[in-house]
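What follows is chain A paired twice: with chain B in the first complex and chain C in the second.
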Partner chain A sequence: MAEKSASEYRGSIHQQQKELMLDWYQRLDHAAETGDPPTVSMMISGNCVELLEGFGAIPLYPEVNALQLAIRHQSLEPILAAEEMGYAGDNCAYVKADIGCMLKGITPTGGRLPKPTLVLCNFVGCNTYVKWFEHVAAFTGAPLYVLDVPFLRGDQPSQADIDYVVRQLKEVVLQIEMLTGRKFDYDRFRQSVAYSSEVEDLWSQIKHLAKYSPSPFDAYFDAITLMGPLYVYRGKREGVEFFRAALNELKEKAQAGNGIYEQERFRVVVEGPPPYPYFRTFRDMFASWSAVAVASTYSTVGGLWEFGFRHDPKCPFESVAMHMLAQNVTNRNYLQRYDQIRRYVQEWKADGVIIHFVKSCRLFSAGQGDMRDYFTKQLGVPTLYIESDLEDPRYFAEAQTKNRIDAFFESLEHAKHTAGHAVFERSR
Partner chain B sequence: MKEFERTFDSLYEGMQDLSFAGVRNWKELHPGAKAVAFFPVYAPMELVHAAGMLPVLLSGAGDRLDIQHADSRFGSFICSIIKTTMEMAMTGHLEPFDGLLFSSICDSARNLCFVVKRNYPQMYVDFLHLPHSTSESSVDFLDAEYRRIITELERLGGAPVRQAALNRSIELYNEQRRLVRCLYDLRAQSPHLLRAWESYVLIRSGNLMPVEAHIEVLKQALDYLPTRPGKKRDAIRVVIEGAFCEQPPLELIRLLENAGCDIVEDDLAIAQRWFTEDVPLTGDPVRALAESYVQRSVYSSVRHDFSKPRWEGLAEKVRGTRAEAVIFLIAKFCEPAYFDFVLFKKKVDEMGLPHLLLEFEEKLFTFDRLRTEVETFVESLVFD
Partner chain C sequence: MRIAAGVDVGSTQTKAVLVGANGDGVNVLSRSLIDTGANVRRAAEKAFDECCQAAGISQSDVGFVVGTGYGRYNISFGHTQMTEISCHARGAHFLCPGTRTVIDMGGQDAKAIGVGPSGEVLDFVMNDKCAAGTGRFLANAAEVMGLGLDDIGPLSLRATRPVKIATVCTVFVESDILSYLSQGKRPEDIMEGVHLAIAKRTLSLARRVNIEPLITMTGGVARNIGMVRALETVLGQKIVVTPDAQFMGAVGAALFSLEKLGESFESGVWRDHAVSSGN
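Presenting the complex of A and B:
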């Protein structure tokens, strides 16, 4: 057990992120009580949290609530309640957990959650979002706006795509003005976009620290811890302060040659969301091999910044649109995801790819067999494919998953021995 | 009458034919011309038709193709049509097509688009974003999106797409849609003259043939059917909802009818009934198509409509056809249909209507369990 907890990064940022998230939940509780500040339900993927700053409104992320529940082993009850209502066994369990909680009045912290001022479906790639938010609106009676973000069909969005999203963002502004009676503060919005761009720069630098060997943090498991502040506080001064502190702390660690294990043995790239109901168990399966994730696609759901994109206060609406359209993994096309992973493997010097198929999420998982084919056959990268779920505890086959992970690392180890020092050097 | 039955048989064969012989023949007759296929649900066939190509709307492979390769690309919890379409690609069945288009219906279909694209780089594979919004900006967007597709088609075909050709195509497809609406009206009013499985064959086979030929088929049917001998029967009037993409086996539709249901409305192979009105022939044709999609589409599980919730659409359908029950026919792992079921069911309950939920797979071939469920349901209504 001692080795297991050693894998987790626990610096002062860990504590700080907890406080920030607690503070957020407290403000939501306050909003539930007083109606102030206004709250807007949004999806994590390609979220436009900056826009809310222009109203002093705060985001309400049902996904964050759902994952919190799952980590605390509380997701099954609401899932069953939703199934009782007619949701299918094969519907995304995030939705079921969220709706189930709403019906049963369960919240992740025990505090209250407000009825949102606006249910803003920032439809970014995931078609389930549209259904989810239609349902939230129908059950809460809150107004709904579906912000239709064209899927990225080519490499870059067209001008028509950008114009379309900008026009809708402006419609959202009008709608929130109408709903709250508050005037949109453009300067505050622009300032928020500026904070975002700073945060993104810091976050991107953190991601690049994982190129160090050993990596000072795990870019899958630890990155998830940092994702909360990234989505809630990205457009705020607190966000900038938090990520500056995080960067400093991790940089120091990297430069001192401190990794998360005494000796880092394997470097992997992880594709797909984690099994939140078995988060710790799953992490331990990697820890027992001293394997670190140097990059992950899941940590780019809310935004993809390590390849250079930043929000731009000079054209705030356009850059928010650009972020939603092209700079998050969910709205990018599937082949762009292959390419993202390929770059991670090459530039972050990974030994292999772990593909975690989650049954809830077709956005992530439909076609991952082809992805495996691409990496193993076309690129010759060792790839492990495992299946479970991100929210529903009924789909985690612990012994089988562990066996497969063990077998994968054994074969990587074997390959290192037979290939002499070539691969080993890389991973040191 | 004989003639109609003969036509009908050949339509049925054509619909089942995975070698796409009709498409191959068409290409032989039109040397150098291209055929472009769409994955369901809706497809702007006019754009392809106006480019001088043969547009075809695919519907999976039913039980006529064993999945031997596609499972390795699309694993568990994915609906069958994704796998059969992939299998068709991997086994050369899609070879008659020069292009394949997908649209924003669900995440599985979208990812399939890009998997096909990677594996078949010689084919023109594209993704069409159909808006999930009904605002004016959505019309502008879709207008631009259609123009992008037209440019791609021009590149593929090597010739410009002219406005006159687009107008002519819209006119033809309007005619097809009008005739299909007539067919549905006839069926809803006189289910004894036209069974649902028959109208289904009449319509679905049209997805695979030139629209001009399909129009003739529909006209022939509409001429003949009112004179067809047929006895009214005691049956329950039902609406079928949920099978808009992956298609149930024909046998299942017959089973429902034989069990005592008159299927007076459905959303099977719904593309030919997608618009509530004709696409206007005044003004710019591309804009007219875009505007029709955004503002005059039927309600559907694969698009969001601000102006009217989907469940109200279902309620209107039920009222309009004086249906007595709703049967939800949902493809296994079809997430859009699963989600909508919850709010549809709520609405149907509020209306005091009975409903039945049936799950199917296109490749289903034993029906005993489903038959029992349907018979029990029908009995419970008859003896109520």
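Presenting the complex of A and C:
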């Protein structure tokens, strides 16, 4: 990110994070030139990145490319290119930005991106994934494999669901063996699953640090920064090292009573992806009220670990399947998401919930009106509902968004002093 | 007497209000209203200036100024800013004690605010990013019909068979109206259709906060009696409208200013007050 918000956490892990991500992009650039290492396009949500380690392959994340573009204020050009080609205004703008980039030869860092060895659609929850990856495969000419991951219908997936996904994962292994001519290294895969489990444990501990008051980091905005290494390096030693350092750094901060503001005034839970094209502006709207996000659902898109789930090297295939089926926010149902947010509000001691409706993303946003009702009317939790987009800058109305956020915090402030009609002090 | 001001810079009009507190309680001293126009900063200055003149005081007599409305950050002389959501709730609580729901309809915003027993905002919802269901929608409809904004309300009260306006789009409503005109529908029935369309949209907005009596309507559109009646029809409840509902945001801002000066008070009444000459 080029610009820094006043409230942004920048410890030594920030620099390490940058280096790790740069290194990943360099490896992708190298792969574009030499074909090595093999690369597999996949989605962030509940993926099976550990499988790639068995081939020494690395992931290619169209979503990360799209959000990187947006955060650098470069998403509109590819979106328009895709629309010119016929993509509709209502299509997910992540898809349009990604396809537009292919059409225009744009990459977020300026380096090259390889033609993937395999386009692996790890379909969990969002059916846009399927169409998106069909198009990626068509544009790149790479082979496509669509994993069919059933929705989570009950609290836990059935054994039949798990077996069904495991069978497909094994099929993917055969596919990659065929495409790369490399033999799948089961031990390396199992080791990767073990690394993931360690990373998940560290990440979960970091998330729980936000229970401190003041919270040592923002579990929405700063968590997003940490999510890069989480997705790219989850099943690797580097990931374990990075998250161990991050935990130590943040734990020290928490124990010393250092928050991200001189005085933390509000604690909120944020639901929904951020408006990446206005990431900093959006963050500043929270910062002007010294409001910190103590938890967020978006940071559990890749995996839901703060409530206990870990990958298990004793049964690597099954635990990857379990993760895909049940342990990421996108494949779970709405009531489970309500419950996740409710726990955040209660256990992380939040003053309210902020729902960011994203026009692009039906998966996240359909039903958020009811969610708002549930929290305000049934639980009595102050809840703000705002709308824009995660990728398309045309849907962000700065004055309107700020107005709603200001009004929300004014009302929280007022609630703290109901008896006395306090006039709200706000930093200007 | 301590004097405080509220300036509400809206998308269409800018309102200023002065309030004063002495032993008797809190009075509204004066108010002014001007078109916002392109120069927001100047509009705020002018409204404030006129308001002071109407009260016969100098600007330096005003102890504190709170700015509100979309242009609040452009008020160079303001001491602090608050959103119009808090201000409308505060103003309505003061002038219409017992208010539990505020329906505010302005030039490009429609909002519903749940108000607590001490005038605090409990919950609020606003229209999304388009102008459907706002003053702009009514203004467009009036223009297509060749009617003045002040005429459409009384006219619509004469309707006997209101037409159905399906669209809530501020632009597409024109073609709906033109087609009804070409079918020979009566202007009052068309305008009543327009009012009902907005009222229904506002109702679905307002339902998202708990609609509880007393319901007070604020904002410029509250001057339109047709809109008030249409809202009452769809809500099935009475709505309270003060004669100067469009000043409610500025009143709330002025009350917050007064609190800032250390005054505390419960509620008041809209007393006789000086009126500026307007534009």
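FYI, the second predicted complex is superposed on the first by the 412 of 428 C-alpha atoms of A that agree within 3 Å, B and C clash if a C-alpha of one lies under 4 Å from a C-alpha of the other, contacts with A are read in each partner's own complex, and residues count from 1 in each chain.
Going forward, a contact is a pair of C-beta atoms (placed from the backbone, for glycine too) under 8 Å apart; a residue touches a chain by one contact, two chains touch by 3 or more.
Remember, it's a predicted structure, so these values are computed and weren't measured experimentally.
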Which superposed partner A:110 touches (first chain B, second chain C, both, neither): neither
Contacts of A:400 with chain B and chain C, given as first, second, both or neither: second
Which superposed partner A:387 touches (first chain B, second chain C, both, neither): both
Which superposed partner A:373 touches (first chain B, second chain C, both, neither): both
Which superposed partner A:141 touches (first chain B, second chain C, both, neither): neither
Contacts of A:365 with chain B and chain C, given as first, second, both or neither: first
Broader residue contact with chain A after superposition on the shared chain, chain B or chain C: B
First (chain B), second (chain C), both or neither touched by A:181: neither
Overlapping contact positions on chain A, where the chain C interface meets the chain B interface: 369, 373, 387
Parts of chain A lying in touch with chain C, wherever the complex brings them together: 369, 372-373, 376-377, 382-383, 385, 387, 395, 397, 399-400, 403-404, 406-407, 410-411, 414-415, 418-424, 426, 428
Touching residues on chain A, where the partner in the complex is chain B: 85-88, 90-92, 95, 121, 123, 125-128, 130-132, 134-135, 138, 146-148, 150-151, 153, 158, 160-161, 163-164, 167-168, 171, 333-335, 338, 357, 359, 361-363, 365-370, 373-374, 387
Chain A-facing residues of chain B, complex: 71-78, 82, 104-108, 110-115, 117-119, 126-129, 131-133, 135, 137-138, 140-141, 144-145, 148, 302, 304, 306, 309, 332-333, 335-336, 338-343, 345-346
Interface residues, chain C side, partner chain A - complex: 70, 80-86, 90, 116, 118-126, 128-129, 208-210, 256, 259-260, 264
